[in-house]
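The two complexes that follow have chain A in common; it is paired with chain B in the first and with chain C in the second.
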Partner chain A sequence: MKKIKAGRQPNRSLAGDIGVGIVLVLFGCFFAFPLVYVINSAFKPLDELFVFPPRLFVRNPTTKNISDMFLLMNKQGVITFTRYAFNSLLITVVGTAGHILIASMAAYVLAKYRFPGSLTFFKMVTVALMFTGYVLAIPNYLIMARLGWVNTYLALIIPAFASPMGLFLMKQFMESSIPDVLVEAAKIDGAREGRIFFTIVMPLVKPAILTLMIFSIQGLWNNVGTTYIYSEELKTLPFALRTLAAGGVARTGVSSASTLFMMILPVVCFILAQSNIVETMASSGIKE
Partner chain B sequence: MAKAKRRDLARGNAIAGYMFILPFIIGFVLFLLIPLVSSLYMSFTEVDALGKQGFTYTWIGLKNYNEVFFINEKYVPNLLTQLKNMALFVPGILVFSFFMAVLLNQDFHGRTFVRAVYFLPVILSSGIMVGLETNNSLLSSMKDLIEADTSSVSITKTLESILLTGQSASKFFQYVIDLVNQVYDIAIASGIQIIIFLSGLQTISPSMYEAAKIEGCTAWESFWKITFPMISSMILVNMVYTIVDFCTKSNSDLMTLITNTLYMNFEYGLTAAMSWVYFVIIMGILGILSFILTRWVYYYD
Partner chain C sequence: MSYANWRRRKQLQRKFMWRDVRTYRTCYLFLAPYAIIFTLFYVVPVLVSMWYGFTYYNVLQPARFIGMRNYINLILVDDIFLTAVKNTFLIAAITGPIGYIAAFLFAWLIHELPKRIRAIAVLIFYAPTISGQVYLIWTFIFSGDSYGYANAIGVNLGLLEKPRMWLTDPTYMMTIVIIVILWASLGTGFLSFIAGLNTIPDDQYEAGYVDGVKNRWQELWYITLPNMKSMLMFGAVMSITTAFNTADVTMALCGFPSTDYAARTVVTHLIDYGQQRFEMGYASAIATVLFLVMYLCNKFIQKALSRLGT
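Right, the complex of A and B next:
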């Protein structure tokens, strides 16, 4: 797994490389522990789930939990599993795409231009980051009701567009990684704002975009969304899985399986994004 | 003529600028600013949500705040514990994630895999896991497992007692030992921070290191003279993120208290007051820290 590259740099000592490897493996175990536990739990038969003290590794693996999950899901009502999955997927994809576009557009303007109120606005965004979400639930609901968005996808998708975290991250990132000279040069060559943004700024902040994408997918994919959604056919996958898991002690196996299931999309997205991030940011496009 | 044209261009650019930022402003005002202001208003009122005509507000002045500070026996102690934990965790998380990001930015085989492993806690610790926790014994048994494993052997305990008996234990030792004891929590909480640092590290142009190497710079020197200044803006970002993330995590005692006040007792006004006190305090801390850090952040231009 962690083979050290043969062509080592001359000023890197072998002992140093081994040290780094050890540290990575050690902390990697910490990080991997919950995942190993979740995977193992998903395959444990019911009796093994309640063994005390709990065991990390499964003894007699079974796929019953997973098949139970699908079975229960389709038995529950008229709404099929695929419909829940579609709802969640739609919210995640549209919400993430919109969020990245809107947040980076605003961030570009805030990072590269000064206009009346720009600093105040950014400060307000930073402050809003810190507010605990629970208290906003009721005022938010009132607004959704007034807009007529209750019980539509819009109530889940549109607020995700304006999440302050994305703007904050993108602005800081653009400020530090896009030289003003580059934007100026493009302007002198006659590029309009839209063109500068899409062909120069966005490709340069690709790592930040992918980071933001991971964030956003993570948040939206796990969105239970029961506050605004009542119709069963609009409800999300996490909601459906949570309802299943709430069925009592006998459903412990099913709930472990559903936890594993919910993890698949974020993990896959991360791995894909990760391999794209690598080495794309070799140079900031400027030679002094 | 030429002058007039230039002004038009400038104005066109300004309009483009506003068009760029407008969607965000609308969303921000609608879904954050208005709710924020109305929750501030509600913190001065008694909200009756169960009445016949929907919500009714009765103005009661500072009574909710009085309750928060002087009547509720749990709020102030919980708040202090929370702030103490924050002082312990945030620097720990920052240092740890920076360190890990630097390591993960090195070139080695299986790097993608290792990075993915380091991102796992982010996926596991949010959303569905937290939601399932109440119904399922998974996380609680996981915690039991960890505790059962670590209670019998404790290197830090031994070390701590040695240091304490040797009279050499200062507050600093205490701090380090606390950190080491919490290393699992710190590691789990730093997934996003590692990614932010990593993406920051990847924007540093390799030609800088090359130039430094040609000039005879050692790796140690180029770390402090190139990596560190170039990443300093990300340190600020991460500090803000860590504090926000830590403070809004729903599993702390303080947050549980606030949520329970809302969902169990339906005292909306009181909940709003509690949140606003907490909010103002975090904001103050963040304001001071950012003020100090921004003077020191280096922007490459």
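Right, the complex of A and C next:
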């Protein structure tokens, strides 16, 4: 077989590559707007936040907004800021890890086996995606109350484990990127289901796992969670920051700083995950 | 599906790796944790909510069965619901397909870039989704006074005689809402396409070169798209659900309720009844109708997508 050069692919025209670049740069400016805006606003002094005509870029950057935010956080109420941060971090880490494991396990058997009820179950999951969440709050609350989970972390973490979107994503992915022959070969070699799942299936769908991780972190980290939680010491970081920002016009600076602050973790995870996805060497692992 | 039916299918397909009961046991074991949580927190609430659709339920008193009255009121009496349906269909028909195609197109174009800058490019295009409630930026841009960017620029350049009430005047509302939704449409589907593109094995492209695939468009059609089929299915379902569930954008931009209900969607209508007027039964009926519409729409699109590349 011909070896493909590491650099340019042989069937790409230079003009086409330049065209792709131009299109992406033009639209990129349009889409990058919120990032630029959020970062700049966080460092704007109060007079620049209200200047007319409005300016996108900051002239005299200041860290006052950020220091104000931390100052206010420590003054607010009896609960320290670190407790809110801990709550959010706990929910995000446990919820994401559990979701990836549980959804992938279910997705694996749904993608690779047919057993009584498998097709019906999968159909139910995709259909559940289409029911609007707003009317589910009350039935969900009643169930939580009956389980005694109201005002515990469990109420935020456990439902996140079974988010329908996660299973749907993993199942679609496993269906297309895990060859049946690979699973069969492992079985002939005497591997058990559990081993096949962890050593063959999971590494092969790494891009999907990382993508699911992004979605899950984004959802859980921004979870305000006040539907099920009313003890102050169990409340989450977005809730605490929202209370700070609710202080009116005088808090505009603090609120723009807190928007930036909430974005740090998701964006860092996003970049780490994406660079990992890009580095994935795709190969079917089969030589015929 | 009945078991007998399923047996017949099994003989036809012959896709089975194992037949003995022990395999099924492992399958159910793998599925069990998900199935239990899913049933408890997703299936049961949906069924309960569908039942509420047939009741009068004000959250404080127990639900009272009233038959089809909610549905009759919804279709025959509620004028605003009609506006909501019209707006929702308009939004779904425009932003659904365009957002879906744009998500794939940008994912594919970014995949053409060299590896080193791909992660950053993905971040930039995903920015409107990752930064949370960013619609607020658009309220600054389209703010009705001369402090808004659109008015400031328009007036300074002499394009506008006086500031326009972009977000309170029904003439402009829907257009602006649609622009903002399109801008934020590179979300779930987009990222899953990025992940999917990275798992297409290189040897398929290599085989393509050997077989004479001449340019990127042929490669897209003959190799990339057929390989992305299952991801495209996923993206389609996500596009449908987001398009029909539009509510946050209109509430953030045009207010809640919006002037003359001009930007009302089915879901904002539902929120109005469920969370403001405490008519949970009526809200549940709206949710059920919306669900049926989405279900049918999804069926139609799945059928269309399954023909791709055949």
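Everything that follows uses one rule, which is that the second predicted complex is superposed on the first by the 273 of 288 C-alpha atoms of A that agree within 3 Å, B and C clash if a C-alpha of one lies under 4 Å from a C-alpha of the other, contacts with A are read in each partner's own complex, and residues count from 1 in each chain.
Simple rule for what comes next: contacts are C-beta pairs under 8 Å (C-beta built on N, C-alpha and C of every residue); 3 or more make two chains touch, one makes a residue touch a chain.
Worth saying up front: this structure is predicted, and the values here are computed from it rather than measured.
Once chain A is used to superpose the two complexes, chain B occupies space that clashes with chain C. Once chain A of one complex is fitted onto chain A of the other, the partner contacts of A:Val183 are limited to chain C, with no touch recorded for chain B. By the touch criterion defined above, A:Arg146 lies against neither chain B nor chain C after alignment on the C-alpha atoms of chain A. Residue contacts after overlaying the shared chain place A:Val224 against chain B, while chain C stays out of touching range. Contact with both chain B and chain C is seen for A:Phe168 once the two complexes are overlaid on the shared chain.
Of the two partner chains placed around the shared chain by superposition, chain C is the only one that A:Leu119 touches, whereas chain B remains out of contact. Once chain A of one complex is fitted onto chain A of the other, the partner contacts of A:Leu49 are limited to chain B, with no touch recorded for chain C. The superposed model places chain B right into chain C at 182-190; the other stretches listed in 2-10, 182-190 or 254-262 stay free of clashes. Note: residues 1-2, 4, 11-12, 20-21, 23-24, 27-28, 30-32, 34-35, 37-38, 53-54, 102-103, 105-106, 108-110, 113, 115, 121, 124-132, 134-136, 138-140, 142-143, 158-159, 161-162, 164-165, 167-169, 172-173, 175-177, 180, 193, 197, 207-208, 210-211, 214-215, 218, 222, 259, 262-263, 266-267, 270-271, 274-275, 277-284 of chain A belong to the chain B contact set and to the chain C contact set alike, using the contact criterion stated above. The residues of chain C lying in touch with chain A in their complex are 1, 3, 6, 10, 13, 15-17, 23-24, 26-28, 30-31, 33-35, 37-38, 40-46, 48-49, 52, 59, 106, 109-110, 112-113, 115, 118-132, 134, 137, 140, 146-149, 152-153, 156, 183, 186, 188, 191-192, 194-196, 198-203, 205-206, 209-210, 213-216, 219, 227-231, 233-234, 237-238, 240-241, 244-245, 267, 270-271, 274-275, 280, 283-284, 287, 290-291, 294-295, 298.
Considering their complex, residues 1-2, 4, 9-13, 16-17, 20-21, 23-24, 27-28, 30-35, 37-38, 52-54, 102-103, 105-106, 108-110, 112-116, 118-121, 124-132, 134-136, 138-140, 142-143, 158-159, 161-162, 164-165, 167-169, 172-173, 175-177, 180, 183-184, 187, 193, 197, 205, 207-208, 210-211, 214-215, 218, 222, 259, 262-263, 266-267, 270-271, 274-275, 277-284 of chain A touch chain C.
Interface of chain A with chain B (complex): residues 1-5, 11-12, 20-21, 23-24, 27-28, 30-32, 34-35, 37-38, 41, 49-50, 53-54, 56, 102-103, 105-106, 108-110, 113, 115, 121, 124-140, 142-143, 158-159, 161-162, 164-165, 167-169, 172-173, 175-177, 179-181, 192-194, 197, 207-208, 210-211, 214-215, 218-219, 221-224, 238, 241-242, 245-246, 251-252, 255-256, 258-259, 262-263, 266-267, 270-271, 274-275, 277-284, 287.
If you check the complex, the residues on chain B that touch chain A are 13-14, 16-18, 20-21, 23-28, 30-36, 38-39, 42, 47, 49, 55, 100, 103-104, 106-129, 131-132, 135-138, 141-142, 144-145, 148, 183-184, 187-188, 191-192, 195-196, 198-200, 202-203, 205-207, 218-219, 230, 233-234, 236-237, 240-241, 243-244, 247-248, 255, 258-259, 262, 268, 271-272, 275-276, 278-279, 282-283, 286, 290, 299-301.
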